[in-house]
Amino acid sequence: ATAQTGATIKEAAAATDKALTIPPWSKQPGALVGSRPYGKPSEFESGVIRHLRKTDKQYFSSSTRTPLQELDGIITPNGLFYERHHNGIPDINPVEHRLVVHGLVDNALSFTLNDIRRFPSQSRIYFLECSGNPGYAVYGKTAAEVNGLVSCAEWTGVSLKTILQEAGLKPEAKWVIAEGADGAGMTRSIPLEKCLDDAMLVYSQNGERLRPEQGYPLRLLLPGFEGNMSIKWLRRLQVADQPVHSREETSKYTDILPDGKAREFTFVMEAKSIITSPSGGQQVDGKGFHEIRGIAWSGKGRISKVEISLDEGKTWQPAQLQTPVLSKALTRFRFPWEWNGEPVVIQSRATDETGYTQPTLESLVAVRGVNNTYHNNAITPWRIASDGKVTHARA
Amino acid sequence: EQKFGFGQPVTQEDIAAWDINVFSDGRNLPDGSGTVAQGASLYAQQCASCHGAKGEGASGDKLAGGAGTLASSKPVKTIGSYWPYAPTLFDYIRRAMPLTAPQSLSNEQVYAVTAYLLHLNGLVAQDAHLDAKSLAAIRMPNRDGFVPDPRPDVQQQSGSSEKQANDKPLAQPQ
Amino acid sequence: ATAQTGATIKEAAAATDKALTIPPWSKQPGALVGSRPYGKPSEFESGVIRHLRKTDKQYFSSSTRTPLQELDGIITPNGLFYERHHNGIPDINPVEHRLVVHGLVDNALSFTLNDIRRFPSQSRIYFLECSGNPGYAVYGKTAAEVNGLVSCAEWTGVSLKTILQEAGLKPEAKWVIAEGADGAGMTRSIPLEKCLDDAMLVYSQNGERLRPEQGYPLRLLLPGFEGNMSIKWLRRLQVADQPVHSREETSKYTDILPDGKAREFTFVMEAKSIITSPSGGQQVDGKGFHEIRGIAWSGKGRISKVEISLDEGKTWQPAQLQTPVLSKALTRFRFPWEWNGEPVVIQSRATDETGYTQPTLESLVAVRGVNNTYHNNAITPWRIASDGKVTHARA
Amino acid sequence: EQKFGFGQPVTQEDIAAWDINVFSDGRNLPDGSGTVAQGASLYAQQCASCHGAKGEGASGDKLAGGAGTLASSKPVKTIGSYWPYAPTLFDYIRRAMPLTAPQSLSNEQVYAVTAYLLHLNGLVAQDAHLDAKSLAAIRMPNRDGFVPDPRPDVQQQSGSSEKQANDKPLAQPQ
């Protein structure tokens, strides 16, 4: 079968020795109940972790990737949610933490965590994706290396609109400038329209409080927008008439074009998909039935269609979408496939409810060049060799 | 619009220490000033180890050079070649640098090292003295280098009769 | 605000000292990126764990509870998913593990984990609940103590129907007897109808592989049925013409009635709900707006309605249900409420799509007595005293 | 119905060591036998520490007694008072007991200790010798004590005019 677990699963015995013996775990008590007050994965899954790029120059500002090829479903467990920090992971005491809302408001306010949690709450399943996922260095060996800066969780918090209404917006208000309490003081400007739409201030992720890596105790969440804007460790919201033009929305997170101009305020993550099984680094164990599995998502709403090509993009056939298909959440797709043992390139492309279809790298590069850095949502093709080895078809 | 009454009212005075956003037009730049010479010495002590003696970059970003490269196959994006607004430099250094001790510099020190970095990029003279007004007055070379987001920008393909996705390696710089 | 976090959150400063200072985490780098390849919660949340009952005589066969009152949304993080083990937690090597399907089938088969994962997969969000949640000892101090043997996750695996079809069912097949590979050799008989309906064999939970505590590497999942039947560490499925009448479906997991007779094969978990905030052990911090929050679920399908009573059950008002409302999953409900500072009893009751409404303890006991042990789905009333202290209204 | 061809065919021989389900009618009970006396000595060595010298219970369940209590306010559920089928006892002990070493007893030992526990409950004589046939023949006292699930069984309340939920403590045994 397609190797897709952290433990290397091998056929344990030759076909000639099929007599079942009673394994040790059936003949002894297991670990005592209560010995794991907060659980963790099996030791046999210890390889399923978030990886750094070994080539990074320093690890104050860097990222780790969700091991997409090891995961099923649409929920990313909190321990494997991708990371992008600009000056490490702060360890914030929630009792000391404050959120200040000021600027073009009727009443500047400072909130404790308890204040924030007291407002009406909502829970939503949304993906988050770094706009540099994967940059234009598209030769990642595995699905994680290609697209591992995306994850999905159930977030709970308060609508940002509720908080802004509490402070009272002045008529000149047009942007909200969000700032983190980390050593990077991460700062991004958000159009007011988004802030009054589906933006949230979240304090919980997948049921429990946010992890420090995802902004504990409070994070801004902008569904469908590039991850960097969902400011972690949120300490301040300044309502303004214009964007601040912070370093993170000028020097970084702008998309340079072949003519030297750069796009600014490129917020939305366009529709994308990737096949996670079989995917780079895996082994297809023989001819016959295999289910092609993957994830699709769009910052503009629901995924309406995912298609699979088995002939280098000449023809496309619809995949099954796991329901419920949620807006701005990962959507799991599946495609039943008989492999005849011959070399093949497999790829997926997503279409969202606006009718937008994920492009090929070629058509994307034709418009944006290769120095664009962000918002590469190109199709990822995987090549399967006759021995079943799966590699990036562009490598 | 329901008001819940949660949260403490705060005055401008209460939040002064946190109110550090500097806008692109220089709004909210603090009092104080600094010289290129003061900045050079501070830079050598607190910045050069990560950014190189002349801002050439090391574990930290390259901070000077790159003029005229943006439209090339290897754009070099620095303060001088890429940043649209000078006040942003003050804003960023004050909140985030030095990486090991953010918010440790005085406003004077931030003005000084900002002046030095602008000088390294040929944007202020050796004897420059920067304050709120003079910093806001600097026009950065790439000031007009940014355009709005036009997406969706990529021609749509659909159906099964379309041009095929190439699986061949794509020529790629660096 | 309602105290509902692991860290004890207090107002940090008196109102006279509101001048904000720059906290240490804004003035230094945080932990290096990559230093937490598999993340865990903040140290400030170290109190949010699964608890044992201190009164249990031994911890080979025991349970730990999900801290419901600390959680938001509907997904239970894997580390806090409730536990019920009958001889501890085995540590199974997935390479060695086998599932045998035999009995009234055309072809008895032995499957490796890879074999299982190769079948068409599906992902579903379902709750699991122990039928002894809470027994009839209904005086738990907290929501966890009352109803903490329920959790909810996104499960991925293969439809049991697919596996049974692979082996080929003989016409006499009526029951499937499932057996665990743990030291308890846990054994339960499942009606074939359920096995051909929504039953699954699952290998992943909330994206990642099952945790050892939830049956790694393979578990049976019977949506809506009492948790004990979703056999963990699944090693065997014997197809039979009758139930085996194992110790776990005769001596245990049968419901004794006042006349001494006991109900057997009481599988479905009927509709239930509990208010998690404000709930026992918490403190309502003052008059004014509070959002009453809680969870509802039914083993028979979707929750159609949750109602709140603020007058000891005299009148009931509908709560808001968080969408999407999923079949046999937890459903989050919310109810906006102004507290006038006077003592009050708050309670919730759930109705499911079959029209069944969660009963009071009185009406349930009137039929079943108090020695029934299992399937107590009664309404839990919380009393709020004038000082804001929340306690079990029956205590 | 699609067949996928995954999994290894196995014979009855291959799975013999795992095929331990004993049905309530005694089906699949193995060969072998044991006596109450043998069981008493095994019980004293391997079971009494958790279940008490005479099955009165300790860290492990109470294994004898309770006859006639099921309809009382404090039902005592044991093998003798509650279990509907004797073969289940063989099944359970073989798979799960002793707790510290499940599946360590031989079939003979399981017959023996099963016989002893049935004797403790007054269900077989002091000199009983149990095998598949005699074990399956035992009729347990509570054999007819089980009824099917009649739920929904609780009268439905609805609307806001119904009888109120009482928040007073409920009288509760133990």
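To keep things simple, chains are lettered A, B, C and D as they appear, and every chain counts its residues starting from 1.
The working rule: contacts are C-beta pairs under 8 Å (C-beta built on N, C-alpha and C of every residue); 3 or more make two chains touch, one makes a residue touch a chain.
The model shown is predicted, which means the values in this text are computed figures rather than measured ones.
Here the spacing of chain B and chain C, counted between their Cα centres, is 50 Å.
In whole angstrom, the spacing between the mean C-alpha positions of chain A and chain C is 27. Per-chain Cα centroids separate chain B from chain D by 74 Å. Chain D has residues 4, 6, 8, 10-11, 14-15, 18, 99, 102-103 in contact with two or more other chains. The set of chain A residues touching two or more other chains comprises 1, 18, 20, 26-29, 60-61, 87, 100, 110, 115, 118-119, 183, 185, 235, 289. Taken pairwise by the contact criterion, the protein chains fit none of the simple patterns, being neither a path, a ring, a star nor fully connected.
Inter-chain contacts, as defined above, occur between A-B, A-C, A-D, B-C, C-D. Taken in their complex, chain C has these residues touching chain A: 1-12, 18, 20, 23, 25-45, 48-52, 59-64, 70-81, 83, 85, 87-98, 100, 110, 112-115, 117-123, 153-156, 181-183, 185, 203-204, 206-209, 211-213, 216-217, 233, 235, 285, 289-291, 293, 322, 324, 326, 332, 334, 336. Touching chain C in their complex are the following residues of chain D: 1-4, 6-12, 14-15, 18-24, 58-60, 70-75, 77, 79, 82-85, 88-89, 91-92, 95-96, 99, 102-103, 145-160, 162-170, 172-173.
For chain D in complex with chain A, the touching residues are 4-6, 8, 10-11, 13-18, 99-104. Residues of chain A that touch chain B in their complex: 57-58, 60-61, 86-87, 100-102, 107-111, 115-116, 118-119, 136-139, 162, 165-166, 177, 179, 183-185, 187, 235-236, 238, 240, 242-247, 250-251, 254, 256-268, 270, 309, 311-317, 345, 347, 351, 356-357, 359-368, 370-371, 375, 379, 381, 383, 393-395.
Remark: chain A residues 1, 15, 18-22, 26-29, 288-289 touch chain D in the complex.
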